[in-house]
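What follows is a single structure, and I will ask about it in a moment.
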């Protein structure tokens, strides 16, 4: 009897809620880990860090009842969706003293016009990462993924919007097209592509490129640069048709239990020195003007990471498609099953 | 009433104390969710996920669309193949172990139990190293000059099936060992004393007597394999998704809970109906199959 | 005695060969895994020399320790409850006949014959309905659910050898049911209960599929942590933790063998 009581108390003791903790849910490879440990030291708040690999996965997790996260990083269109579905807390802007470091061009964006729910974190583009030692052709277009020479060495992102955006751009449509006829065309194109596709993979594809299991992958710019650092035979290119540009944002989910800690963390990430450290590790640009002087030159001057007007024109933001999303999701499930 | 009949009464009523908690648990954590599953399978998905309760059969019709049927058939095919190979490889191993004695037997049992108790994911992941384009098999074959370009062994149906076989093998071996262990050796002796060849003895005595173990093994390999999704996820590619992947996708990414529920209902039916019929036909009870 | 294992119906050449093939098949990946845990290079395609760096990295990885702690906590709590409930179920099935007995038995054992993914989804739906937040509690409840049938099975098996007339004797002598359980039943089935508990604990530590659907923030278990390590960046850290787990399992199994052996010897002398 006594033993059970003891064990019971032990369990209660272990599961007591620790006030000085912060649950962060972010994209994988999207931060400098030393930044986290420094935050823990400076503020005495323990960070528990989980990762995901798509916006839909983030949404699914929140909807399924994982209400325990305090900080999340949805992309632009996902902020709109989450706000509409009352999944986000309104931010206490006044407590974010470092917000002044952000380029005003990025404030009050179309997906959060009153800057109520999100703070811009990073910006990026989608392109193609490939091995120069295994690819003999010049790559300048998404069409390379239909090249039989690279059969079974190709991987696309396991992300519905990214894959369809690529198809739409090849066909000359917008990434936010809502015409079912166009979707059918895109579907046909993508089903044809599956002949050459090894796998739809967002997480492990970088490693597969490094271990030469894959030669060409669809990949985001910063992640590509991260592996380019590890292997000089890897290159990144922006296809001429353009594709998706995104701004990932920091948000606090509704009902977060450590809101104050979350705000301290967000403000911390906006510090110029911290932002610069993160940029230098993950190779994504941030709209943090004060951080720019501390960013490595190779990154600052790289047109892929800090693109100019010309390049940005070819790219589009993903918009929420409302009801039409279900139609697309059905097509996506079918595409994966073919 | 004297104490002993009082105690007798208490003892008999202990039936309810012992029964109720488990009954309660099974009802809350199994029956209730099952009803929920059925209900949701008839519901519709809301725009961003979640479901609203209404009643329609669209999901059921959608699930038997050729696209999904293809995956279901593939899943079933993989499961059958895995089970057969598990049996072909596992039965001899079990046979060998059962007829070993003493410390050697202990060592062999330990060697079979160790993978069983080592983390499943790890064992699956290690095939990456072996099957990769520059992994063990290909590197050795290339350096020996046997082939020029590496075999494509990873991220396709080959790696998935190897992974499935690898993960499930111990589940086939263990019940069969237990079953052969229980065969009275004197029966086998009697058989050979009466002049039967070892093949005859095996096929007509040992094999039939080890049937319970074989059935357990088949149940514990076939059914889990049908619901697999991790192995195709980690080792598979485009050509080797199983129905488990589609179902997981519905819940974790696409957020179409109704459709995911429908697929789950189909899967359960596919498993439970034959099992029920089998139990009915052979008049066994479920726990005798499992033990 | 040795006649029993004569080659007459024992292990012929083909059986032995297949057994050897089988063990090579089972152990090659494990051995490869262990060797590459000492690889200096991050990639298994190149060998960079012997190094312990991944073990050091593992030691520093706080999320790994959290996962281990969670796995142990979940394992212990779910084992306790599953063992209690499982033993109770076994006793009821063995001792009594009642109206819904077959129904109860079948219901109890169904969770282990359906694919784990279905059980995981069932529980996810349940938690969503009752608005239970996904975390340690949701995982513990899930683990108890699938462990109860296994414990019941093991204890039932053990109960087969237990002659319940001795319980009746106890009753006649005026013992209360509680006394009967503790002084008579329990000592005789304690090995069964222990085996059941051990099985429940193993199942809980190992489980991936059901935990995958029912876990939440900060409630990562060791299998889930390993999964995310594999998905989000293949490093030999995974090999290192695998090697340690293999070592750990070997020690546990070895210890169990010695304990059981000692018990047997005790009984014999």
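Labels A, B and C are assigned to the chains in the order they are written; within every chain, residues are numbered from 1.
Note that in this section a contact is a pair of C-beta atoms (placed from the backbone, for glycine too) under 8 Å apart; a residue touches a chain by one contact, two chains touch by 3 or more.
Since this is a predicted model, take the numbers as computed values, not measurements.
C-beta contact counts were set side by side for A-B and B-C; B-C has more. Chain centres here are C-alpha means, and the one lying farthest from subunit B is A. Chain centres here are Cα means. That of subunit A falls 36 Å from that of subunit B. Look at where the CA atoms of subunit B average out and do the same for subunit C: the two points lie 16 Å apart.
Looking at subunit B, residues 132, 134, 251 sit in touch with two or more other chains. Each of the following residues of subunit A touches two or more other chains: 64, 211-212. Across the assembly, subunit C contributes residues 44-45, 124, 230-231, 234 that each touch 2 or more other chains. Looking at the complex, you find that subunit A touches subunit B at residues 54, 56-57, 59-61, 63-64, 81, 84-85, 152, 194, 197-200, 208, 211-213, 322-323, 325-326, 329, 332-334, 336-338.
Subunit C meets subunit B in the complex at residues 3-5, 7-12, 14-16, 18-19, 21-23, 25-30, 32-33, 36, 44-45, 85-86, 88-89, 91-92, 95-96, 98, 102, 104-118, 121-126, 129, 141, 144-145, 148, 153, 156-157, 171-177, 180, 202, 206, 208-209, 213, 222-223, 226-227, 230-231, 234, 238, 241-242, 245-246, 249-250, 252-254, 257.
Those residues of subunit C whose C-beta lies close enough to touch subunit A in the complex are 43-45, 63, 66, 73, 76-77, 80, 124, 127-128, 131-136, 216-218, 220, 228, 230-234. Taken together, the subunit B residues at the contact with subunit A in this complex read 45, 47-50, 67-68, 70-71, 132-134, 152, 154-156, 236-238, 241, 246, 249-256, 259.
The residues of subunit A lying in touch with subunit C in their complex are 4, 7, 11, 14-15, 21, 23, 25, 28-29, 48-51, 53, 64-69, 203-204, 207, 210-212.
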